[in-house]
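Handing you a structure now.
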């Protein structure tokens, strides 16, 4: 029993591990707050946090907050997750500084028998992307000839070779440990594919920022698959915030001032007000004002 | 119903407003985590977070974390408080940056009839401290002659004069508002004694840092009285962490390297090991080592 | 002499106080980094930070970083400002947590003779905004009858009355101090119009966020005037970053996903590619892709 | 030429790479502030920042700030360093969140021929520490029989085996790259010994916290050696702050409240005041008060 606000969407996920096969998992351990906590905190600004509100009013307010990037109320919800992932994913994850972390340490623990991720977690092996398109990411799948365990050899490598390498990537570590070398020295031989895990506590504002970067198509596939699992939890636990974020941030292309001026010439002015008439009144008005200002006299 | 860890000590306080008469109040609205959440997060470091532990083992680990300033596990607990206090208190409070805040705004709300704190919230009126002792704080209580409402006059002031001033400190604001002047302009006339309120969400590590500074004898009395109320909640909700913090931080004087060297000469070396023998074994050993190192050969 | 990168635009401002009459001032005291420091830090990502680059290449990279909200390189520049402003402005300012602050304290210092701002700092006195439009801000200027010092009376107030109130707003404080009441108690009588000052150290990413919020038309006029002074310094010191921020953030309206879908129907598809053809190639391509994706099949 | 405060001790280090053989390096790229900037910022609190002060007065104030953990003035100095280190060191480094980082990415760059650290960077190979003493760190040096390149074999390994493994640890990566596999997939085979580099911008308060943890004897040797190089820069650039930190933090053992009570019985009360008489007057007085309070009546 608890006297705290209870979040039914979050409760569905507490303690349920969501696994990305061969790659890792996320588990919601604890949380704090609901969509209503967020709108209530926002209403403190104008002294109306004790007034009863409908879910429709909450949705409207949360949309307003998101549209105007009033971010502080979204800090009022908090999630605690247990994450398992390979080290190369953890390295990207921990660049997000506004979160609390306790990670397993290979100074204190033995990297055990299944320390290294399975190659199937990486998806099909691919080429480098075309450098004209991108410096990062991966290009088209490699077309590799047939391989058998018999034919396998370190120089004629392909999927099977990579898979075997990955399976054996911690062999040197194990040899070094068998020879008696200290954990904190031996671990330098472990590959970036070694699994790790951590408790991750983060507020909803910073979590949405994380999801914005890590669920994008150009995020590395492996962190994206795990971020997608967290996104599914957030969508259930904070449905109003989630919808507002999708509407106003994730799915809302941002154009430069120059691009906006270029658009001015081909948007039919007479039809603009009509086209926007389906928007909520306040958003419609503010959008018209913003476009008018961006377009000047045209 | 909730699947989250439930904190019985925190549940006692949820929604119960703790009032400091004439000064303000604190109310626990929500929380996240228990002492066991903290020790469990710490055990992730060496991969033992799923093993069952006794409260005694938790206490020992939490003491160790606090003694060695391993602070990240204490970030795993979070408290959400609703605070009411005068603006001069809020100004000190908000210097603590590692927290989330939504405060009432005098741009959006009218400062109402009891906008200003009662003089009794300030305690007895005092003199400036002796400048040889301190640049801050307050000195001995003022000895003021008898006053009556009849005799009161702005130049012959004392407690009653101050009290009346405080009661009327928002009069200019009210006049300005009656004349139609906008809230955001009129508010500049309001005194620092004007009441405000905010939602304050903070993790336990940063909250203990706040309590360390704001419950000290040289903190301003008014913020100290409110901090003391929060301390009472923390002591109930996180008893193991609270005890460890009192033992290793709050009540543990810190001496400089020079002071330690000076002490070396007057501590009876033969009796030192004996004196410390009542400490937990690991702390005893580490304390002996630290003193031996600080004292050199003596 | 210094071996550090020198920023000629910033050097122009070092130690020169920029005053907003009757309201406050900002003075650049120190800084760290240039536009080139930012692009160089970004190039560390792909190991090209030691290659020589032209300003044109820096501009292009900085535009790319800003457009894609790669914010960490902008943290590599830092500014240290000395700010003077009334307390009601300081209260808004200090809600920006990602900065370092040392502020004057009224526990340690006497509020002196010109402690309170001049009414001319507030601009013309205005009415509340129309509540249909906004809960905040100020509406049209008040039309007030003629006032003279003779006719002045606390109930028939207008501009002159407000001005006199403001001049006298610290009278109660001064009386209390004369009666011997301690600074930290007497100060509660001081109005929010009391002047304060602080050292403010902030990185360029967080400073741009501050400027984004505080130079907007709906920011309170008084903080906006001071933010505008800082904007002028940033525009001189970091011209490439400033231009990119204006282009991609400040002057780029953000539409919701629904607004974008509504626009789809009235944008002439045939003319879209033409209209955008003046954009830099990579931005043009990414903008087309984003719009195509937002518009689906239409 | 610059109008900024110039820090002669820091200027000595600008652009000079300090190398830890086979392990990495640190280079000071830029900085902001001096010891005098710190004391000046602190003096803003009581409105005395424009008064001229001697170095002796600065030293006294900085000692006071450090002793009382008034940390915000130490945030007023900033350092920008370029660091090279193996990934297992970078992983510990980046747990310090209050800093700005731009790191090279193995998604965008090829791990080149000398991608992996030299074994000599690890120091002598050691055993695990005695688990009774510690879960972390390394124990006594391994005594390994003689090895020759001829006798070398993966199962009979020792120093030479480890050295060769480390040399070849990126072989699988190179094979995978030769087979055309994308950088971001191939990199998962790279060992934690792979070198990386980053720009690191951090304020002096957070840097001292880093140095406090990472120069301790129980820090991992490899991060300690690099932290020691940074400590040497700080000691030159901020000599007053450095001395105060050594005196009041680094070399000042912290005892628990229980340990203090235990000491009470064996400290000769009559000689205590005498022993402390060499301390600066204010520190002496405060130390006596703290001990008296901790010891109660004894």
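Should a chain be cited, it is by its letter among A, B, C and D, assigned in written order, with residues numbered from 1 in that chain.
Convention: a residue touches a chain if its C-beta (ideal position, glycine included) is under 8 Å from a C-beta of that chain, and two chains touch if they have at least 3 such contacts.
From a predicted model like this one, the values you see are computed outputs, not experimental measurements.
Under the contact definition stated at the top, the chains bordering both subunit A and subunit D are B, C.
Using CA-based centroids throughout, the chain positioned farthest away from subunit C is D. As a whole-number value, the distance joining the C-alpha centres of subunit B and subunit D reads 30 Å. Subunit C and subunit D have CA centres that are 35 Å apart. Within subunit A, residues 46, 101, 105, 108, 135 each touch two or more of the remaining chains. Those residues of subunit D whose C-beta lies close enough to touch subunit B in the complex are 46, 67, 135, 246-248, 251-260, 262-263, 265-268, 271-272, 274-276, 278-279, 283, 287, 290-291, 293-294.
Within the complex formed with subunit D, the subunit A residues making contact are 86-88, 91, 94-95, 97-98, 101, 105, 107-108, 117, 122, 125-129, 135-139, 142, 144, 154-155, 157-158, 161-162, 165-166, 169, 172, 175-176, 179-185, 187-194, 220. Interface residues of subunit B facing subunit A in the complex, by the touch rule stated above, are 1-6, 11, 14-15, 30-33, 37, 41-42, 44-47, 49, 72-73, 75-76, 78, 80, 100-105, 108-109, 197-199, 201, 203.
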